[in-house]
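Quick notes on the structure that follows.
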């Protein structure tokens, strides 16, 4: 009797068919051994999502219709799911509202339906636990960074290894002096706010001081007004530092043009005309690395290059006498600058590398013996 | 012998330029065929990842390149759109290179017409947004807020394919066609691990080696490198086009450049003392 | 062979050849093309930026739908945007530092978390590999090379100690790995540049001259 | 005031974005979305500023009849015409038939593609004139380059399938390990610089962008 009444009420609903299906399954759920449907809040998200998991016994339905209701409400279909699937994330729920779910077999077979899940609410999380590894690694690094910067500021100096590229710079300037020819310094093609250009300005300080001391002609063609201004200042004060302000000429540092290939053509022109004995290509380089290194090589100059742009390193390595590669380039400028922030950062990077190497070795050994918890910790998925 | 070497050393490089030009033009004009294209397992990974998506999924196709690398990226973009549309997968296009918008529009229009797909219903191009990786991260908060209108200026609320798309939770996969910065690297950093979205990438050859660590770590499901990668993928999709046509010229030029390295080292043998370092 | 009748293709071909003329030597035609290129691309960028970003993301919601959602908050970027241009006035320069300061907060934060997750944590995770894979010697060797290659490369860029003894030996091995990776990059760069040339030759031969029979 | 406010803005916006990375709760996340949208708009304005600067510098040079002043006029004309056409067409810029698209397809597209195509010639000439194998390291580099150049094109496979297999192995194992080392080092550098900028320890000259290819 009760069933008939419910059936009548169902006729008025727009989704009569799905309602009837739900109804049958609800009634039959009491009689046949349906499988459990586990609903839980999707973890680590901003709410609005519930995750469903199930293991359906064989044989499984061809398809399921997933139905959902607020507690006490009526079931409405959410989506259709293939029979082979074992989980679903419902991302269209309201945070804080309790929902119940059920899987209804298609074509209709109440024996294959799931149980109705326990009421579940979507919750908004305050911390995404899948990112705890990022937090840990960043925290360790930043702690070391500020610790070492602090130490460096209070006057502590660590011993760092010699960087052969720096010795090579001195050697090249010496050679140019012996030969009585000039040196050319190209500070890359990025603006002055680029960290590679800033590092280049630090190296330029050293080069221009030595050039001033040995009275060797130094040329610095630049491709941006900003770099020009800073480079001019650097060279001028370097000449002053070694007491040779009189030897500084205003045309030593030049602004050529901001157009990439026009700049390259002009610098190549300088190389062919002036035939410098040493070329320094230090800074951020892009496609022009190849053209500059080739021309420099063909005029027989000693070439010392340095860049952090990975794509360009091969061209420098094959055509130059010495290349400061990536971190080595930054390290060289940090050591020359004697700046506490840069030295502290260098030291902190080194320390973190030891930590990472240890993690990799220990993790790999553990994994070899079947222990995967360390790998698991570093997984972000 | 010495005279020949001396002559080589004095060679005007414009002769080399001429040789390169002829080696590229000849196979294109005469259309001879050196060897068939055999797909690598990385290209298969790209293809299979898209094949595994169920019909009706929604894929974000990021066309982060401009005409500067059109020869490498455009064929991949075209082939990826073909595979997606053939499988009735919805496409949402975005471009973080301003000059990439017309290329993405072309791809969607051409392939859409081939498969009878309708703009707005089966695909949409949200166009360009300034801000590089910031745009990617912002899409994680809200795609409709980051892209309130598509490339035609139509509000996304009026575009059927955008219905229900809030953020990356509704995106089943990202296909990144990338020329450099911003591109595949930034999508990996800002989106893949953070929002747990699978991704495949088609990239320029210059940047391809950088992405192998991402591929091995599982952050990328497949990788196409340069025009050769595009040609392999075209073969897999079953529609050899632009990239496949270029492969003979590509082969010849590679052999020539390898030969130039050898010849150069012979010609300049003993010319300069080995330097330190 | 049938020549293109499209004036746009002819101009495109002229510009293509004009830029290729740089191969012979730097010349006025090339210079003309290069400057035209800089002008047109800057114009293109600014139009796209305004129409596709500034207008729909700020101006439109702010001026047509002020009270909807939280659109009124867009007054903040509007003010910051206006402040940027204060540098054109001699005494307003300091104001233009505010919007720059805002950008300088947001971008590094994105980069820190992006690099930490994608390039540190994930890469360490990807390098934790079993050093003995039963029945698969190939994978075992490759895993050793991946782990060893990464460690020696990291040691190569380790500056706190002189590279002597075992450390020096490891750094030496690191250099070999690095050189192989540079060789690979070299090969791939060659590939990229040749492909772009092929693209241009196809344009000239096909779109312009109509010489290709595909 | 003039010094402190910018430092404070950087600090607050930077720390907020760092924290928001870890917090999915809508309370933080919605504001995070707003902040990012504001930043998109402000970056857009910096582009406009950049073009205004470009225009100013070139107009000045053209006025003074400095060196290449004729070319500066070409640049200015290209810039102004493109802008005028673009803004007059508004949202129709993406129509294939628009004049803005015609400028794009006729001028922008061929020129930018050809710029990088030039490099194919230079790379061949540099291979001949400036690729010196004079150490074991350089030899290793050359061998890897050879295997890759042959292995990545169909010709390599036609010679022997061993070549593409060797190329794949080189890419996936040794080069992968070294690239990962570079990646990790670079990540530490970016993180160190980033936190120094946020905390106001870095000397900066302003600006946001990175370079292209």
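A, B, C and D are the chain letters, set down in written order, and residue numbers restart from 1 in every chain.
Here is the rule we use: a residue touches a chain if its C-beta (ideal position, glycine included) is under 8 Å from a C-beta of that chain, and two chains touch if they have at least 3 such contacts.
Source: prediction; values computed, not measured.
Peer 1: For this structure, which two chains have more C-beta pairs in contact than any other pair?
Peer 2: Top-ranked chain pair by contacting C-beta pairs: C-D.
Peer 1: Report back the single chain whose CA centre is most distant from the CA centre of chain A.
Peer 2: Of all the other chains, the one whose centre lies farthest from chain A is B.
Peer 1: Taking each chain's centre as its mean C-alpha position, how far apart are chain C and chain D in Å?
Peer 2: 3
Peer 1: Between chain B and chain C, what distance separates the C-alpha centroids? Give it in angstrom.
Peer 2: 13
Peer 1: With chain centres taken as the means of their Cα atoms, state the distance from chain A to chain D in Å.
Peer 2: A distance of 15 Å separates the two centres.
Peer 1: What residues in chain C touch two or more of the other chains?
Peer 2: Those would be 22-23, 31, 34-35, 38, 41, 44-45, 48-49, 51, 53-54, 57, 106-107, 110-113, 115-117, 119-127, 146-147, 150, 154, 157, 178-179, 181-186, 188-191, 194, 196-197, 199-200.
Peer 1: Residues of chain B that touch two or more other chains: which are they?
Peer 2: 17, 20-21, 24, 68-71, 99, 101, 127, 129-131, 134, 137, 146, 151, 153, 193-194, 204-206, 209-210, 213, 216, 218, 225-226, 228, 250, 253-254, 257, 272, 275
Peer 1: Hey, what residues on chain D touch two or more of the other chains?
Peer 2: 21, 29, 36-37, 39-40, 43-44, 47, 68, 90-91, 104-105, 108-110, 112-113, 115-116, 118-121, 123, 125, 127, 129-132, 137-138, 141-142, 145-146, 149, 152-153, 171-172, 175-176, 179-180, 182-186, 188, 191, 193, 195, 204, 206-207, 210-213, in rising order.
Peer 1: Classify the chain contact graph as line, ring, star, complete or other.
Peer 2: Its topology is that of a complete graph.
Peer 1: Can you name the residues of chain A that touch chain D in the complex?
Peer 2: 44-47, 95, 124-128, 131, 134-135, 138, 141-142, 145, 149, 189-195, 198, 225-226, 257, 260-261, 284, 286-287, 290-291, 293-294, 297-298, 308, 310-311, 314-315, 317-319, 326-327, 330, 341, 345, 348-349, 352-353, 356
Peer 1: Considering only the defined contacts, which chain D positions touch chain C in the complex?
Peer 2: 2, 5-7, 9-18, 21, 34-52, 54, 68, 71-72, 74-83, 86-87, 90-91, 93, 100, 102-121, 123, 127, 137-138, 140-149, 152-153, 170-188, 190-191, 193-195, 197-198, 204, 206-208
Peer 1: What residues on chain A touch chain B, complex-wise?
Peer 2: 49, 82, 89, 91-92, 130-131, 164-165, 168, 300, 302, 310-311, 321-322, 380-381
Peer 1: Which of the residues in chain D come into contact with chain B in the complex?
Peer 2: Listed in rising order, the residues are 21, 29-30, 32-33, 36-37, 39-40, 43-44, 47, 90-91, 94, 96, 101, 104-105, 108-110, 112-113, 115-116, 120-121, 123-125, 127-135, 142, 145-146, 149-150, 152-158, 164, 168, 171-172, 175-176, 179-180, 183, 210-213.
Peer 1: Residues of chain A touching chain C in their complex?
Peer 2: These residues of chain A touch chain C: 131, 133-134, 137-138, 158-163, 259, 261-262, 265, 269, 310-311, 313-315, 317-318, 325-328, 331, 346-347, 350-351, 353, 356-357, 359-361, 363-365, 367-368, 374-375, 378-380.
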